[in-house]
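I'd like to ask you about the structure that follows.
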Amino acid sequence: MARSVSTRRKLITTVFAWAIGIAIFFPILWTILTSFKTEAAAIADPPVWFNFHWTLDNYATVQERSNYFRHFMNSVIISGGSTLLGLIIAVPAAWSMAFVPAKRTKDVLMWMLSTKMLPPVGVLVPIYLLFRDLGLLDTRIGLVIVLTLINLPIIVWMLYTYFKEIPGEILEAARMDGASLRSEIIHVLTPMAIPGMASTVLLNIILAWNEAFWTLNLTAAKAAPLTAFIASYSSPEGLFYAKLSAASTMAIAPILIMGWFSQKQLVRGLTFGAVK
Amino acid sequence: MGRITLDKVRKAFGDIEVIPPLDLTIEDGEFVVFVGPSGCGKSTLLRLIAGLEDVSGGQIRIDREDATNLPPAKRGLAMVFQSYALYPHMSVRKNIAFPMKMAGLPQDEQERRIEGAAKALNLTDYLDRKPGQLSGGQRQRVAIGRAIVREPAAFLFDEPLSNLDAALRVGMRLEISELHKRLATTMVYVTHDQVEAMTMADKIVVLRAGNIEQVGSPLELYNRPRNVFVAGFIGSPKMNLITGAEAAKHGATTIGIRPEHLVISTEGGAWKGEIGVSEHLGSDTFFHVTVNGFEAPLTVRASGEVSLSYGDTVWLTPNEANLHRFDAEGLRIA
Amino acid sequence: ETITVATVNNGDMIRMQGLMDDFYAKHPDIEVEWVTLEENVLRQRVTQDVATKGGQFDVMTIGTYEVPIWGERGWLVSLNDLPESYDVDDLLPAIRDGLTVDGELYAAPFYGESSMVMYRTDLMEKAGLEMPDAPTWAFIKEAAAAMTDKDNEVYGICLRGKAGWGENMAFLSAMANSYGARWFDMDWQPQFNTEAWANTLNDYLELMTNYGPPGASGNGFNENLALFQTGKCGMWIDATVAASFVTNPNDSQVADSVGFAQAPDNGLGPRGNWLWAWNLGIPAGTQKVDAAKAFVEWATSKDYTALVASKEGWANVPPGTRQSLYENPEYQAVPFAKMTLESILSADPKHPTVDEVPYVGVQFVAIPEFQGIGTAVGQQFSAALAGQMSAEQALDNAQKLTEREMMKAGYIK
Amino acid sequence: MATKHSRMSARLMISPAVLLLLGWMLIPLSMTLYFSFLRYNLLMPGMEEFTGLTNYRFFLSDPAFFAALWNTIALVVGVLVVTVIGGILLALLLDQPFFGQGIVHILVIAPFFVMPTVSALVWKNMFMNPVNGLFAHAAKALGLQPFDFLSSAPLASIIGIVSWQWLPFATLILLTALQSLDQEQLEAAEMDGAPWIKRFWYIMLPHLARAITVVILIQTIFLLSVFAEILVTTNGGPGTASTNLTYLIYMQSLLQFDVGGGSAGGVVAIILANIVAIFLMRMIGKNLDA
Amino acid sequence: MGRITLDKVRKAFGDIEVIPPLDLTIEDGEFVVFVGPSGCGKSTLLRLIAGLEDVSGGQIRIDREDATNLPPAKRGLAMVFQSYALYPHMSVRKNIAFPMKMAGLPQDEQERRIEGAAKALNLTDYLDRKPGQLSGGQRQRVAIGRAIVREPAAFLFDEPLSNLDAALRVGMRLEISELHKRLATTMVYVTHDQVEAMTMADKIVVLRAGNIEQVGSPLELYNRPRNVFVAGFIGSPKMNLITGAEAAKHGATTIGIRPEHLVISTEGGAWKGEIGVSEHLGSDTFFHVTVNGFEAPLTVRASGEVSLSYGDTVWLTPNEANLHRFDAEGLRIA
């Protein structure tokens, strides 16, 4: 279809695409804008768009109320840690599924995915009791373990689909070249799967960052990530749109920025083998 | 040294026996080509030698030592894959260095060998590129370079040229032949292109459904195919095979005559026929001639340009000395 | 030593977090970590923690509903050994009684509240009416009708509609008390099939559908506060603590025209107001009892009240816990002080309604099952408010599900 | 590849993942199963006793259960329909050449990064609030009565919010799939005389089938346990109009602290989820192998 | 009817002119082959005819009617793509039926044509399979089937055989030739394999960088290449091209002689040389002979088996009648 698209048509598409893009993005944009308003301006009718008194007060208030930086660091450590741990466990598993398929490989994969369908509320109390006995309540390591486990099936699946695309011959070549299994995985497989791994890592960080059930229920103060930070705003008192917006912006900004910067990698890998 | 002996080697995938017990000896320094139709087990056999598959029975010896249970890396063989199997994230230099790195060779020795291989394969200018930036032929050369530096007891090639286009294929064919002349290392080469087989091999192994049909030099196979299968498989265009009454006349169930051993004439000869499609290559012309009473049209080669056209009546005469006769089992009648 | 304090995210608690320097000055060896959560989440988290002895918190903010139940189970550290200077006897008896089980004080009240009517004096004037100090429901209805001006987004009355035992059911239970309705009779039989409940709910629905704001079925305390502060409500019957917010000119657009009255009645005796306190308790599992006690003592002391007064003014001190506060002339100058105290004093958790009941609690029933039942009933009433079902149907459902749960819990056969 | 050696290493290397997940599944699951047969209320410690199937009887006969079941299905299906159809349309649009593709991609993908709690808070307060929300402002500006989304159409509103979060995901996968379609196939169809709409129907849509399956599978996994959005916006109400199974169990076990009843609910939900899982796996297995 | 006329057709992608203004007429029923090196614009030209690309200038007429701005579907042409471009989710039957379904042909007529095409192409047994379950050659046949049923004014083929293996390619080549004989419909065929070009074409169009270098019958091109480019391009193995002193002797800048037109002898001849690699195909033997003073080794063909080996001294004699002479511009000297 390399026929030249007429400029007019391209312009029309441009208008459409931008309109829809902005519409989809609008709630976020509006939140960011509102975070710079006074509370009165935040609920003004008709709404004010840009010509309001820009203020940073809301951010100051939010910061005063809760230690943003600690929540942020917890989020970083928990999502990063669970991703790392997940990779360490998932890479070998995905390797064996992709390159030494057995009769039940597919079933194992599907079973792994099905564990993700367990409703977390159904097992909260048992897990809470377990964590209490293991001293893992309100620890980062505890959350890292839980998030690793709940995201493991997705990581394994994603890696599996990428690994399957790597021709087996290359691994055989490495084997002929004298590589041990370890060097085969470290020197050949992993570097080749870098794009796929990158998007796996990104997706997992996003999922872990936004996970709100376990992070909220298994932490108190020390290990609480940003989801807990935002939880204290779910129904504050009085006029709060601007403060809520500021807190929301602070909670989503890091992941939004990371997501935007790595959009290419994320998108390239986000196919779960749906695209051959 | 690279003498490879297969002793009653067999291979089954699950219940399906792909290679029935098979004996084969590859002498040191020999260039052996495996040919055969698709799915006959060529790759499997090669991979058994390489150690990439476990044998289901029998023994593989490399230089008299039992290698049946050795892992691939320990067998001292190098393999060149059809897809090249280069490491895409490593530069050409790193690709070539990889087996040496795995073997823990000293750095300067690695350098020396890389230089040597690069020079021999005309890769010196490309050492710092990634495989993705190379053409097909260059990639193939890198794959060979990676194999060379290990100084293996033998090279294994699995259809190394089939991903190249026709022109390049001719060039690489010559290069591999020259390499063999220079290194004098054993080479085992799988292909289904019988021009490659004919021009490169010291010894051709013709496989069918995992069985060895014939082993011999290219010209042995061309001149004295042991059975109908080999006769039909070796030579391009294919040998004309004739059954029925005409074969019986020669005391055989099937007779075979190659296109280049038929003489075409507009005046007279042994078999009268009618010209079908003709293919003019300039250098030669191939006529497909329908002869009454024969099942399939015969292919005839005439040198240079011959002006005959569709529907013309011609006579074909086989060159008696080059006529092959086969019995009811398809075996050659001496 | 670091102690972890779980609190609800309301204004008084947040204010305390800003005043911690004073605490640190007095207790340099104690570090406080805050976990601030929304009320429902807080309740779930602390209950779960205390019941499983998770030990995540050293001080918990809990309501008058939990304290007796938990105290009875021995889940809380007794505060009977607070020093003399704390002056336990200064605590309002109504509040203190609710926190005491078998003579042991199990939590210290941070602030106490009842509910009352807050109204817009300007709108009342415009409507040509005058709010008595102790209005009846009939008057409230009349006033709501008179003040409603939907075109200008002024709604005569704002009431809680969001489902939850601490949300709409807090209000409705208290209202029902003044209608002579009750949750259970002396045999623990649910009473939603009574005339009194039907009247309560019908009046509530009538008020809200005719004079209430849109989306009322999702409004809780905070949503209503926002509405009232922006001048959209003529009257609002809710917690007495709201008074300090609606009269705070920083947040409220109507700060200078708010009046207060006692919760309405129907002439049957009980008024439609509740009694509640947010308290600080120390779970029995903690290793840091001393530090926790030091904190509880500081946060609920008279000094703390004085501290807030000096920093933020008298209107913003945590109300409703100490006699002395109401005797303080400076505090008496605060417009809502008197009405708050009267409201608190007029509520009687032991005899909340006209007839005898087997339970304690004004707007709740102090049994463990109540949270679930109250919320489920609240959902039915909220659905009725949203127009998804009729009042009869809601009451019928409420009756059935309460019977079910009580049966499951073994109160009735 | 298939040497004994590699098969052994494979088994060794897959085992950490399998064992961990097995533990993660079996340990809490067996505890849940055990609890579900107990009369066990967190608030009444020491009174645990075996009650047989009582918890199940109560859970399954709870009218809220059927409402929740229906709501769960409606929520999952509703979001899937919106995101798949919307995703296809959006992918078709984004596949066209236009100016500023990079930026529009960034705009479209953004909701995927937003925490469910945050998006629910933002939608609930700043958009759907019938008094101060933007939609109400817009309606008033047009002279219409503001619509009270969360009480009049709670489930639909939640479907809307959740769809907004998942639309980017569907769009991205479908767009990638669309771009992987062999252009020659489209050209062939064009030569064969198929106008655009038929090319879409006969060529593009079947090509997208795989991608759609994957979108459905992944989203279903996450949609079955939608929770934060409900908790923040409607608390499952009004009535039980927006209570899904997850939320219902939450209410049982964490609002009423009825661990026994909640566990029974959990077991029921697990069984139902597995039915869905099997169904999905069938579908995906068929589609992914092809 | 399928007469296609290109009148000053040009095509530019952005600023790059891929096809400079070009005139070409393809007669009804002709089999025209476009050949040329990779990137010379063969596919682009075909796609311009198909309507899959817009022309940047000039006019395309099909059967005298201006088709320049017609959409592809309206031109009455059918195209067979290199990748086959089968619809993977439809059965073979549905694939073949697709264009008829789009045209709204009645069901029974569709059935009839499908049966016809399937029989002609030997696909009857595979009608209910999906393309994924077919071999390369079968897929190619389905693609052709899909083209046939439309009964188009002309067929366009873009390297239809280049994804097939050598043996299949030979077979399909014959099948397409026969199809052309049978249907007598115009066919435009792009390839870079000059054996295909030589054997199939009525008329070959040699392209270089978008320019037509020569148009003519295969034998015209073989016997009288208009310039060095065509000379080097047509013929396999390639023509030997010799420059320098030896060429000057013949009054040319470059002389060319095909491998089959050199006579090899161990006794004496025009040029003395030494045998390098030799390739034995059985039917022929190709020698690569290094001649003193010539830049590149010459390739010589000897029929049958000739026993000469590496390093032997031989003499080569060109067949004067087949010697091609070119001037400094590379043009043929008549």
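By written order: A, B, C, D and E. Residues from 1 in each chain.
Throughout what follows, contacts are C-beta pairs under 8 Å (C-beta built on N, C-alpha and C of every residue); 3 or more make two chains touch, one makes a residue touch a chain.
Owing to the predicted nature of the structure, the values given are computational and were not obtained by experimental measurement.
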>> Give me the step distance from subunit B to subunit C, shortest route via touching chains only.
In response: 2
> For the two copies subunit B and subunit E, what is the rotation angle that overlays their Cα atoms, in steps of 5 degrees?
Replying inline: 175
>> If I count C-beta pairs in contact for every pair of chains, which pair wins?
In response: A-D
> Looking at CA centres, what chain is most distant from subunit B?
Replying inline: C
> How many angstrom between the C-alpha centroids of subunit D and subunit C?
Replying inline: 37
> With chain centres defined as C-alpha means, what is the inter-centre distance between subunit B and subunit D in Å?
Replying inline: 56
>> Centroid from C-alpha atoms only, then distance subunit A to subunit C, rounded to Å. What do you get?
In response: 39
> What residues in subunit C touch two or more of the other chains?
Replying inline: 48, 52, 226, 230
> Multi-chain contacts in subunit A: which residues touch at least two other chains?
Replying inline: 1-2, 43, 125, 129, 172, 231, 233-234, 240
> Residues of subunit B that touch two or more other chains: which are they?
Replying inline: 52, 71
>> Per the contact definition, I'd like the list of subunit B residues that touch subunit E in the complex.
In response: 162, 165-166, 170, 174, 177-178, 192-193, 195, 198-199, 218-219, 222-223, 234-237, 258-260, 277, 279-284, 288, 301, 303-305
>> Which stretch or stretches of subunit C touch subunit A in the complex?
In response: 4, 6, 9-11, 14, 17-18, 33-39, 41, 45, 48-49, 52-57, 220-222, 225-226, 229-230, 245, 251-253
>> Help me check something: in the complex, which residues belonging to subunit A touch subunit B?
In response: 167, 169-170, 172-180, 183, 187-188, 191-192, 194
>> Taking the touch rule as given, give the residues of subunit A at its contact with subunit C in the complex, in rising order.
In response: 39-40, 43, 64-66, 125, 128-129, 131-132, 137-138, 216-217, 220-222, 224, 228, 231-240
> Given the complex with subunit D, which residues does subunit C contribute to the contact?
Replying inline: 40, 44, 47-48, 51-52, 69, 73, 153, 162-164, 213-218, 226-227, 230, 232, 368-369, 371-373, 375-376, 379-380, 382-383, 385-389, 397, 401, 404, 408-409
